[in-house]
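What follows is a pair of complexes built around chain A, which joins chain B in one and chain C in the other.
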Partner chain A sequence: MSENIITYPLIVHLFFSIVLMFFWNKVKVQKIVTIIGNFVALGVAIAVFIFTWQYGTHVVNAGNWEAPYGIVFVGDMLSATLILLTAIAGLSVSIFSTVSIINARLRFGFFSVYHFLLLGLNGAFLTGDMFNLYVWFEIIIISSFVLISIGGEKNQLEGAVKYFTLNFFGSLIFLTGLGVIYGLTGTLNMADIAVKIQHVNNQVIVDVCAVLFLTAFAIKSAVFPLNFWLPASYHTPPSAVSAIFAGLLTKVGVYALIRMMTLIFPQDPFLMNLLLVLAVLTIISGSFGAIIQNNIRKVFSFLIICHIGFMIGGLGVFNVMALTGVIFYLIHDIIVKTNLFLIGGVIYRLKATTNMKMIGGLYKSYPKLSLLIIVVLFSLVGVPPLSGFWPKISLFLSSYNTGNYWFLGALILGSFITLVVIAKIWSEAFWKNQPELKVNKRFIFFDKLYPIQKWQFVTPIVLLAIFSLYIGFGAQHIQALSERIAEDLYNSQNYIDAVLKP
Partner chain B sequence: MKTLILKTASDILLPVLLLFSVFILLRGHYLPGGGFVGGLIAAIAFVLDAFANGLKNTRKIIKIHPGFLMPLGLLISFSSAVAPVFFYDLPFMTGLWASGHIPVIGKVGSALFFDTGVYFVVVGVSLTIIFTISENA
Partner chain C sequence: MEILLAIMTGVLYAAGTYMILRRSIVKLIIGIILFGNGVNLLIFLLGRITKGNPPIIAPELKHFADIYADPIPQALILTSIVISFGLQAFAIILVKRAYKVLKTDDLDMLNTLDEDS
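And now, the complex of A and B:
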């Protein structure tokens, strides 16, 4: 099998999005095609993962132009893992969206754009070229803008405008940084930049450039103080859309930060301190934001910000153990955050609202579903032995060993407030008696759905919950994987050698 | 705009402009031109016809919905990009070139198919946008 396999995820998503465009008006056919497409993508992602696990980092030169002149796609362990997670989350959300999004919205080419979004995500994870990364970011932004505004409700458009302006501004800064770095090094290939940037005389400009990139990626991943667009926009689109946004879009920013910090600007003390400060503030602002909200989906949006801080801070500590924690947390977070928003969608379908003051008695009327949900919520909190617990060991230990006590304190605070928030949701929405519900007669409640539709709602949540349980109970596998990735990231010379082939 | 001069001119201009757009498409590999510009010129040809003879008439000439050209063009470009992967085990988007020399067109390679795909996508997108706007106006 040749190394071309690492570009197959891109080919699969592009192919299926073109096929879906041929069935523009036939929503039923689209639903079947998109699920098939995501199953194929999952199969390909597993193949890519196994290939990379066995044969190590591989490089494909697009158009057969040699690096550093052409665009390269680099499949290392981190990229392969993220592609696998994208495929799992993508499959679950596609099953969920076939039933949870009304047909009038699907008729605007929802699934086609959805595959373009997944294409953009896979491309961003694979590319080894800075400018190409920018292009994939644009593909992600354009598709996500379509997804967030499809349907055109008033509050949805308000969220979309906030989302779009800020992200577009981020792209602008990213492009400026690209211009500066091209002026400094004369190359856009990441590995080549990493080699040449060490020989730049004026290290101050290098720092300026690093801050430009940091700002751009911080906007994408909702790091304090550039995080306010996220809770303002993520609760407005349909749950399926916000699930894929929550699971993967902010994580692309984190991924870009990890790549940049480990490969291009490694061990820069200024940047590391900056990241630690930002991480502490992000955790605090996210967690305190979450505690005062009553809308469940808004609570989840703030929790995203809070947990982004965990990863950013781990990156700021910067040793193998901290990076292991970051990667493990990233793996856990993608799965569990996607699931949270799917659960938000189910709660909305059950009660016609996501305001937890107006919901109650979920545990009494739906005990099995509640047990499923509590598994996910406990995974998020990190009750041992569930998935959120294990990465925190590495993060706590590494920040303690390196004497970053502020970050350690923020980690403890963030974890504790997450617990409080989840306990609040549980006692309000699940244990409290159901208050008087203002019922809109036209709303189709969960109970009125056909059995197959109910399964379409619940299956993706079960699928992701099983994966979360696997991360928790099979933690030694994930830990081994994370350690391997962290070693690769810490010794970036392997990556550079794989691309430039000295 | 129902003027006799524009109506008469557009009847002649439509085939001429379409031919010109194909010419631009074909000369694009080494000289200024290519799929994007060619597609725009082809779209202009139809838009001019729509101005002179009305939208209904133009739709009758095109026969298919212009939106259909988008996936068609994408499929052509996509095939030219993945052909090297599946048939020759070369990286994505590697240029493949036929050995012979065809009169008028010149040397044929996968780049030509890529450009043709772009041509169709551009025609499809611009006509869909313009037709939708002028229908609602």
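And now, the complex of A and C:
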């Protein structure tokens, strides 16, 4: 197999999004094509993962231009893992969206744009060029704008305006940083920047540039002072859309931060301290925000922010053990957060609302479904031996060993409050008796669906829950993978050598 | 020339930020457009402004003989202009639609989502 295999995930999604445009009004065909497309993408992603696992980091030069001059695609272990996770989450959400989103919305090219979103995500994970990363970010946000505003309900448009403004503004800040870094180093290849930025005389400007990038990626990934757009917009679109946003869009920001911090500005004490402070504040603001909310989907939105803090803080500690924790947490978080919003969608379908005060008795009426949901919720909290527990060991130990007690405290607080919030959801929505429900006669409840539709609702959740269980019970595999990625990230010379071929 | 461009960039950034902070959605869009133009000028400026020839190597030579202008910033700006053009077009439609549905163009009125629902 040739090295070009790492570009196949991009080609698959591009191909299927174009094919889907030919079936503009035929929603039924679109549903089948998109599921086939996501299965193909999953197969390709597994192939890419195995290839990378066996042969290590490999590089594709676009148009065969040598490394610092042309655009490069770099498939290292981190990229391959994230592509695999994208494919798993993408497949689950596509199955879920075939039944949870009404046809009137699907008719406006929903699935085509959905494949474009996945294309952008895969591209952002693969590229080794700063400006190309910006372009992939734009593809992601353009697709996400369409997905968030498709349907045009009052709430959605209100959320979309906020989401649009902040994300577009973040891109412009990113572009500013790009301009500055091009002026400093005269190159856009990430590996080349990493080499040349050490020889820049004026290190203060390098820090300014780092802060510009940090701001841009912090807006994307909802880090503390820039996170208020997230809970204001993520609960407005249909659940399938917010699931893919929650699982992958914020994580692209985290991925970009990881790349930037490990490759371009490694071991910068100013940035590390800044990240730690931001992480503590992010955890606090996210967790306390989650406690006071009553809308389940809003609670989940705030929990996203809280757990972004875990990863940012691990990045701020910056040693191999902390990076292992960050990568493990990233893997766990993508799967669980996607699943949480799918669960939010199922609860909405069951009760026609996601307000905790107005629902109850889920455990009594749907015991099997509730058991499935509790597995996911416990994975999120990190009850051993489920998936959220293992990365926290690395994060705890590394922050304790390096004496970052504030971050350690915030980690414990964040985990504890997550537990409290989950307990609150469980006792309100599952154990409490059902209060009087205002029934809208036109609403199609879960019980009225055909069996096949019910399975379309539940299968993606089962799929993701099984994967969560595997992360929990097969933790040694994921730990080995995370350690390998962390070693690669920490010794960034390998990445630079692979790209520049000295 | 550099000084003039630097001042222009600063003015565009400042004006853009000011407009983004206004309460009207239309002014928000204008602010984003101004900010985007500021960014483009910044890239142009930081790519060094050189008076020289276009970066084309004559067929009989192997490398550049003269001072030449760096083509990359121009390519970057072109890309970013195209992208921001698309985004601005989307933004204008979004704002128009939001104004029709929400019946307000005051950003402070867009707070129904923060209330408990």
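Simple rule for what comes next: the second predicted complex is superposed on the first by the 502 of 502 C-alpha atoms of A that agree within 3 Å, B and C clash if a C-alpha of one lies under 4 Å from a C-alpha of the other, contacts with A are read in each partner's own complex, and residues count from 1 in each chain.
The rule is simple: a residue touches a chain if its C-beta (ideal position, glycine included) is under 8 Å from a C-beta of that chain, and two chains touch if they have at least 3 such contacts.
Note that the coordinates shown come from a computational prediction; the quantities given were computed from them, not determined experimentally.
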Report task. Quick one: classify A:62 as touching chain B (first), chain C (second), both or neither. Result -> first
Does the superposition put A:168 against chain B (first), chain C (second), both, or neither?
second
Chain B versus chain C as contact partner of A:406, first or second or both or neither:
neither
Quick check on the superposed pair: does A:131 touch chain B, chain C, both, or neither? Answer first, second, both or neither. second
- Message: Which partner chains sit in contact with A:470 here, chain B, chain C, both or neither? Use first/second/both/neither.
- Response: neither
Considering only touches as defined above, state whether A:7 meets chain B (first), chain C (second), both or neither.
-> first
Practice problem: Figure out whether A:39 sits in contact with chain B (first) or chain C (second), or with both, or with neither. | Solution: neither
The answer to whether chain B or chain C touches more of chain A is C
Dual-contact residues of chain A, meaning touching chain B and chain C, are none
Seen from chain C, its contact residues with chain A in the complex are 20, 25, 28, 32, 35-36, 39, 42-43, 45-48, 72-73, 76, 79-80, 83, 86-87, 90-91, 94-95, 97-98, 101-102, 107, 110, 112-114, 116-117
Contacts from chain A onto chain C in the complex sit at residues 131, 134-135, 138, 141-142, 145, 149, 152-155, 157-162, 164-165, 168-169, 172, 175-176, 178-180, 182-183, 188, 232-233, 235-236, 293-295, 355
Within the complex, chain A is touched by chain B residues 67-68, 70-71, 74-75, 78, 82, 84-85, 89-95
Residue set of chain A touching chain B in the complex reads 2, 4, 7, 10-11, 14-15, 18-19, 21-22, 24, 60-64, 73
